[in-house]
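Sending over a structure as structure tokens; questions will come in a sec.
Should a chain be cited, it is by its letter among A, B and C, assigned in written order, with residues numbered from 1 in that chain.
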Amino acid sequence: MDFVVKQQGFEGPLEKLLELIEGRKLHINDLSLSAVTDEYLSWSKDLPERTIGDTAQFILIASTLLLIKSKSLLPSLTLSEEEESDVVELQARLIAYKRMKLLAATLKPRFGASFIFLEGKRERQPVFSPDASVTINGIFSSIKTVIAGIPVKEFLPETVVRKIISLEEMIVRLSERVTRSISISFKDFTKGVKERKEVIIGFLAVLELVKRGALAVTQDSEFSEIRIESRSPQTPSYS
Amino acid sequence: MKDSQKIEAVLFWKGEPMTLSAISKVTDISPKNIPGALKELEERLLSGGLCLVQRDEEVAIGTRPETSSIIESLAKEELRRDIGNAGLEVLSIILYLSPVGKSRVDHIRGVSSTFTVRNLLIRGLIERVSAEGIRGHAYRPTLELLSHLGLSKLEDLPDYVSVREEILNREKRVSESEEKEGESVFQKPESI
Amino acid sequence: MKDSQKIEAVLFWKGEPMTLSAISKVTDISPKNIPGALKELEERLLSGGLCLVQRDEEVAIGTRPETSSIIESLAKEELRRDIGNAGLEVLSIILYLSPVGKSRVDHIRGVSSTFTVRNLLIRGLIERVSAEGIRGHAYRPTLELLSHLGLSKLEDLPDYVSVREEILNREKRVSESEEKEGESVFQKPESI
């Protein structure tokens, strides 16, 4: 067997988000993004190893989802202008990506269906005509160029690395703000946690705690937007 | 003999895409008269079995899309239609937004397209081009890609103009507001 | 679609004389309708740059006699032109890896080499050969090229063995990282 056809096995973060939102027949907005955040994060736990660039994209989107979800759980949380624009941009990206995905689907049946043949079968009688560059030296230096041009590996641009680090910082800052705003201390929740994914999952667990805790201890009208009706009576204990 | 006749003969004989400047040089038709002659040729071909495929500065004569199955049986070579969803997405982005840089393609898809782009290049469906305002390589569709889709020109793509405006305008707005606010968590699309 | 349009597309693509029975077979036009369709095609072509050439039971599309001086200068220009970096790259790959399939050449360079290969064929620098384990056409340098380079055998090329090894190693790494990115459904180059 000299040809191998590979199967498609990759799903990007935007693609996954779209799929989750459309699976619930929702429109792209804060509400639907907040609704699918948990699913998005749990999907990400089982992701195969991938390039750093793609991992960065996943985390950047996860962080924006967490912002949206935090905001929906804690309406008192105020987002910075930059955070607001991240939320707006994520939605715009999803809409643009959805558009492109639909266009790609319309191209699919067209591709190769009614072909315009540009190159004919026509062949011409060859006439031996090298030019001045066709020498042993020319050939040798050209093959070196060819070898140097074969891609070796993709490296992550430095700017993206910096952005990942700032994301971790952002999560920590956000957790502090959440903590302060409901006056329960979760200061130690990231202690000893090194993996970014663990931080995000852990943070979400904290948010869940916050939600239940807040509902249990306060009847503050500020939190009344959290739907009490949706709570199951046998709430699992987190303590 | 008319200019459009000369061009038809040259494109037929060459049997591959030619640039307008190469046509002008070999036929001695002044560059300013080429577009008019091509228009005339395009209209004349309409009544026959051939068609003109055109993009920017490049043009070729091919067989009409409606004859595709006849020629395919004659070619005795199966056309490669195996193109994954990733490939189709990248092709759509390049078709509608061309010329477009790789970082913009990645940004729209939210995922790295390095090897998809490479495979499309290898299959001759897209090509590199240097474009103003785009860092690194920019990509555009080849006439080969148009021929795969049975299209004479990009403008024949469904919603070509409206999609282009919609996406380019939105991205422009986003990148302007990002510039105002400084560093963003996301990679910016390059300016247009 | 009219019969004369089908015939035009077939003859255009084929570019060489075809018998009437072959045309009938491939286009599914009944033999008794072929002469009429050819007549119609001939008349339509009169206004363009091509013409129908008929002899006994064979027919072909060619360029009009009035364009012969243009075609001649095009042919001359094609052979005189520089081979260019792309041409030299493809030529060097074919020299070092001969016999080698086009798909492998494309994978090594990361772009399609269709037109470059065509040009090297016309210039008599490479030729087609069928080789075991390689799908489609394989290419090797012509004897004229070897003697032009003063080589009695390919192994006399500088660093012949190590260049081949280096290319193989890099190809392996590319296909490994392609698997890692895992987003493509494209075919790999044939095995070596």
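The definition used in the following text is that a residue touches a chain if its C-beta (ideal position, glycine included) is under 8 Å from a C-beta of that chain, and two chains touch if they have at least 3 such contacts.
Keep in mind the model is a prediction, meaning the values are calculated, not measured.
Trainee: Could you find the chain whose CA centre sits the greatest distance from that of subunit A?
Mentor: C
Trainee: When you average C-alpha coordinates per chain, which one falls nearest the overall C-alpha average? Tell me, please.
Mentor: Located nearest the centre of all protein C-alpha atoms is chain B.
Trainee: Counting only Cα atoms for the centres, state how far subunit A is from subunit C in Å.
Mentor: 43
Trainee: What is the distance in Å between the mean C-alpha positions of subunit B and subunit C?
Mentor: Chain centres of subunit B and subunit C, defined by C-alpha means, are spaced 22 Å apart.
Trainee: Counting only Cα atoms for the centres, state how far subunit A is from subunit B in Å.
Mentor: Roughly 29 Å separates the two chain centres.
Trainee: Taking each residue of subunit A in turn, which ones touch at least two of the other chains?
Mentor: 5, 8, 10, 51, 117, 119-122, 151, 154
Trainee: At least two partner chains per residue is the criterion; list those residues in subunit C.
Mentor: 9, 12-15, 110, 114, 118, 177-178, 181, 183-187
Trainee: In their shared complex, at which residues does subunit C touch subunit B?
Mentor: For subunit C paired with subunit B, touching residues are 1, 4-10, 12-15, 26-27, 41, 44-45, 47-50, 61, 63-64, 66-67, 70-71, 73-74, 77, 106-107, 110-112, 114-115, 118, 136, 177-178, 181, 183-187.
Trainee: Contact residues on subunit A for subunit B in the complex?
Mentor: 5, 8, 10, 12-15, 51, 53-54, 57, 60-61, 63-64, 81-82, 85-86, 89, 92-93, 95-97, 99-101, 103-108, 110-122, 151, 154, 159-160, 163, 166-167, 170
Trainee: Touching subunit C in the complex: which residues of subunit A?
Mentor: Its residues touching subunit C are 2-10, 48-51, 117, 119-124, 126-131, 133-136, 138-140, 142-143, 145-147, 149-154.
Trainee: Which residues of subunit B touch subunit A in their complex?
Mentor: Spelled out, the residues of subunit B in touch with subunit A are 15-17, 51, 53, 60-66, 68, 71-72, 75, 79-86, 88-89, 91-93, 95-96, 106-112, 114, 118, 143-144, 146-152, 158-159, 163, 166-167, 170-171, 174, 177-178, 181-182, 184-187.
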